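Order as written gives the chain letters A, B, C and D; numbering starts at 1 within each chain.
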Amino acid sequence: MTAEALGVWLGAGFTLCILSFLYKDNPFYKFAEHVFVGISAGYGVALQFHNVFLPNLWRPLIAGNLVMIVPLILGMFLFARFSARVSWLSRWSIGLLIGIYSGIAIIGFGSGDLVAQIHGNLLPLWGGDYLTSFNNWILCLGLIACLVYFFFSREHKGSFGFVARVGIYFLMISFGASFGYTVMSRMSLLIGRFYYLYGDWLHILPQ
Amino acid sequence: MRKEVPLIITFLAGAFFIADYFVPHTGFSHIAETINGWTIIVITFAYVLGVANVTRVNLDYIQRKGKDTPYKIILLICLLFMMTVGIVWGIAEGTIFDWFFINIYVPMQSMMFALLAFYIASAAFRAFRIRSTQAALLAITAVLVMIGRVPIGEAIWKDFSNFAEWIMNVPQLAGKRAILIGAALGAISTGLKVIVGLERTHLGAD
Amino acid sequence: MRTLSKTKIWSLVCILVLISLGLAIAQEPAPAQTQSTSDSRWFDDNRWNVFLTLVIIFFLIIYFIEKAKKGKNLFVRRIAGLDAIEEAVGRATEMGKPILYVPGIDDMNNIQTVASMIILGNVARTVAQYDTPLIVPIRLPFVLPVAEESVKQGYMAAGRPEAFQKDNIRFISDEQFAYAAGINGIMLRERPAANLFLGSFFAESLVLAETGFSTGAIQVAGTANIHQLPFFVVACDYTLIGEELFAASAYLSREPKLLGALKGSDYAKGIILAALILGAILISFNVEWFKDWFFVE
Amino acid sequence: MKKLLEFINNLDRRWIFLFIGLAVSLPLFFPLGIDFTVSHPVQGFYDTIEKVPNGSKILMSCDYDPGSLPELYPMTVAALEQMFRKDLKVIVTCLWPAGPPVVERALNHMAFEYKKEKGIDFVNLGFKEGREVVMVSMGASIPNTFPTDYNGTPVTQIQIMQGVTNFKDLAMIVNISAGYPGTKEWVQQVQARYNIDLVSGCTAVSAPEFYPYYQTGQLKGLLGGMKGAAEYEKLVGVMGLGTRGMDAQSVSHLTVFFFILIGNLAYFVLRALKGKEVK
């Protein structure tokens, strides 16, 4: 048996272990699950070692780029968590990470989502062909109604309440579309697995 | 002091990276580039910290001799094995590390996610009840999109696919855009609160 | 005292080292740079639109937080979902059956979990008046003490600290599906009459909502993870959508930073609404400058 | 009648599991071969790549892991097919840790078929931790962010990387995305900042969320899920896993539709019957 064939048998075995969870929680599933968690954590460490630690930190450092001591120290600070006495040091690194991510997120959401999306919704309501104008009306009114639904400073009463109700209808359509697409996603994953079991493992699929 | 320094660091880092977008000055960008390089390294340590935590939690469990002890031992052995094999013999295609990744990690992770196909079908059957106008709209859209986006929909009605595409491009887009804008406002206000130090949950209780 | 001053000194030393290193780098461009053009502008003129937008939002949020801190009464409408929660809790107590409260699967650094804990405290206060158990399954170790504290506070606020049962705040498993399976077990065995799913949920939402539906419990859900909302909407009696979860927690806690942020983004939404309407009208009359101003480059 | 409805209403879900297993399996053995047309977002994906001058350098960020292989692997392979045919130079990066070995396989497989050489026609720069920060950092300098490729060769020794500093030196970005970090972050951090053409192939779960980006032109093209992959394969002219999965996809969707229908019928009829009894 070649290494490749052995691998497929092993993989198929573990696949079936996971699949058995459908019947009920059982030792096979539990075994596979723990193997998976172990393998994935070990995989992550080795990958980070070769793909980040060596090229981005270690090699520049031994090449004489002493500034790299800073991230090394900040990284070490994170481990201060394990000791109650110095655990406060870890907050420095966490503070740095959180600060950077918050700053970047503000820019990303502000430019890519907020301003750009408003720009995308400023559409001519008349003047074009009928279908385009009709679509633009729906986009414009739908967005306004949904935003009104998420407005918390006023009671949803009267005409304001009516608009909010239209808004929730648009949201439901939106969720419906997501539901449909999620079904598509999950089914494809299963198709992929059955391909593996019937094709790569058992070789019983018609070509 | 223990609390102030992290808050100052957070503020400086956040403000700097907001400014970085508006300031094209080369000197400014150089600092940003350096700090970005550091971040990539620090966050890698954070990952390793996570794994260290997993190890610690499981070792604790084994010491307490809980009923799942054998499983936890297996977990730790797998972790140690994969880590050693990868660090010592490399991770390229054709290594032992790669073989274990392709033949254990890939099939198992794929299957775990594929289980959701069964659950979504069962939820559709047992819990998807059209009890209100809202649920009805959701259901109708879901069914139209579900059938319209697969080939059989086109076999039933040749414009079904175009119609589903229209739903995606017009009514559903309006809802998604509102959510996008709302989420953007939420993310901006949370980010701001973190940067100015009003939100400190990430620094932990003291 | 002495240890504190020691930390102070160390902190100062570290800060100085960091700053000086930063300055050193700032003066010396990174080595592998091959950038040919150097830019000496201090502001990118194309980015005024994003700049002004952010300034307005920042101002609104800070302004309303300050206002809330000063004790100004900021109006927030009552979220319909809260009534639904109350009704579910009421029905469960009437039937004398337990209430299940699932706070999502994320850690305390997720703002949704924080919001969930606030709502949990309020649910506990209502439940405390009756002798119905409030079961709270937990996935992550950090969440456990916070949930215990919230529930305890709720019982104390209701004047019945002795009724608090620590055993009902249960750590299940930190594995996502094992956690879901554990909750399924609780639903099938202990038959809670009300299931509340509030917080950050992922793929397990479907499994939980389905089992809960099949046991016939009243279910109220709420999450800002948009991709999970469809499943909650179809299988639950009421669902808090996205921001409503945060609004509910702000409404209940009246905490300035939550309330102020909510108010601030409300006003931002008002401005956006105005811009959308104005912009659509202007562009329909072929006036382009307003739309062009929003172009991001 | 009532008994049947009650049976349906209280059906053990393992029966449903069995049904769905069959609905997905049978079409794999007995294909129906139903034809389908190509939608606009998919055409946009194809055209944007097609418009790039032959021989240009393209960044392909494969931000996924084995959990969504059936949807995203066919896209990766078909995109490589189109790009290698046009002799585009492909620089691959991954922001999800479990991505690189999978992409490495796709690259080696396609390179063998098109006789492309590693380091000259394509390179796999591997994984970097840091999510959005990696994207922003690449905007300043790609070689500083990725000093070596996946196997540890310094980028200074890789021919394709010569003259590549940042996004300005690339013709466009192709993103294959399974979630966070992925297309949303590429739009927010890179497309909005550097004005570079971006197309996305994503899981069906996230596709509806990206339609607003496609409408504004922030995304020039969008492949949603396995169906998107199948349509794209049709344009490229290959018969891949996406196309072959389509029949199973059709049948399983129909099955889910019937489940919703029957479930509701049983529920409402039963409720009406109970209402009568009470009266």
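As a working rule, contacts are C-beta pairs under 8 Å (C-beta built on N, C-alpha and C of every residue); 3 or more make two chains touch, one makes a residue touch a chain.
Remember, it's a predicted structure, so these values are computed and weren't measured experimentally.
Peer 1: If you tally contacting C-beta pairs, which pair wins, A-C or C-D?
Peer 2: A-C
Peer 1: How many Å are there between the centre of chain B and the centre of chain C, using C-alpha atoms for each centre?
Peer 2: Each chain's C-alpha centroid was found; their separation is 16 Å.
Peer 1: Rounded to the nearest whole Å, what is the centre-to-centre distance of chain C and chain D, using the mean of the C-alpha atoms as each centre?
Peer 2: 30
Peer 1: On a C-alpha centroid basis, what's the spacing between chain A and chain D, in Å?
Peer 2: The separation of the two C-alpha centroids amounts to 13 Å.
Peer 1: Two or more other chains touching the same residue: where does that happen in chain A?
Peer 2: 21-22, 37, 40, 43-44, 47-48, 50-52, 56, 67, 70, 88, 92, 100, 104-107, 109-114, 116-121, 143, 147, 150, 171-172, 174-179, 181-184, 187, 189-190, 192-193
Peer 1: Hey, what residues on chain B touch two or more of the other chains?
Peer 2: Residues 2, 5, 18, 21, 29, 33-34, 36-37, 39-40, 43-44, 47, 90-91, 101-102, 105-107, 109-110, 112-113, 115-120, 122, 124, 126, 128-129, 134-135, 138-139, 142-143, 146, 149-150, 168-169, 172-173, 176-177, 179-183, 185, 188, 190, 192, 202 of chain B touch two or more partner chains.
Peer 1: Multi-chain contacts in chain D: which residues touch at least two other chains?
Peer 2: Residues 13, 17, 20, 24, 67-70, 98, 128-129, 133, 136, 141, 144, 150, 152, 192-193, 205, 208-209, 212, 215, 227, 249, 252-253, 256 of chain D touch two or more partner chains.
Peer 1: What topology does the chain touch graph have (line, ring, star, complete, other)?
Peer 2: Basically all the chains touch each other, so complete.
Peer 1: Considering only the defined contacts, which chain D positions touch chain B in the complex?
Peer 2: Residue positions touching the partner: 11, 13, 16-17, 19-21, 24, 34-37, 39-40, 65-70, 98, 101-102, 104-105, 108, 128-130, 133-134, 136-137, 140-141, 144-145, 150-152, 193, 208-209, 211-212, 215, 227, 246-247, 249-257, 259-260, 262-264, 267.
Peer 1: Contact residues on chain D for chain A in the complex?
Peer 2: That would be residues 14, 17, 20, 24-25, 28-29, 31, 67-71, 97-98, 100, 126-129, 132-133, 136, 146-148, 150, 152, 185, 187-189, 191-193, 203-205, 207-209, 212, 215-218, 224-227, 241, 244-245, 248-249, 252-253, 256 of chain D.
Peer 1: Within the complex, which stretch of chain B touches chain C?
Peer 2: Residue positions touching the partner: 1-2, 5, 18, 21-27, 29-31, 33-34, 37, 57, 112-113, 115-116, 119-120, 122-123, 126-129, 134-135, 138-139, 142, 179, 181-183, 185-186, 188-190, 192-193, 196, 198-199, 201-202.
Peer 1: With touch defined as at the start, can you tell me which chain B residues reach chain A in the complex?
Peer 2: Contact set of chain B toward chain A: 2-3, 5-7, 9-18, 20-21, 34-49, 51-52, 54, 56, 68, 71-72, 74-87, 90-91, 97, 99-120, 124, 133-135, 137-146, 149-150, 166-185, 187-188, 190-192, 194-195, 202-204, 206.
Peer 1: Quick one: in the complex, what on chain B touches chain D?
Peer 2: These residues of chain B touch chain D: 21, 29, 32-33, 36-37, 39-40, 43-44, 47, 90-93, 98, 101-102, 105-107, 109-110, 112-113, 117-118, 120-122, 124-126, 128-130, 139, 142-143, 146-147, 149-155, 161, 165, 168-169, 172-173, 176-177, 180.
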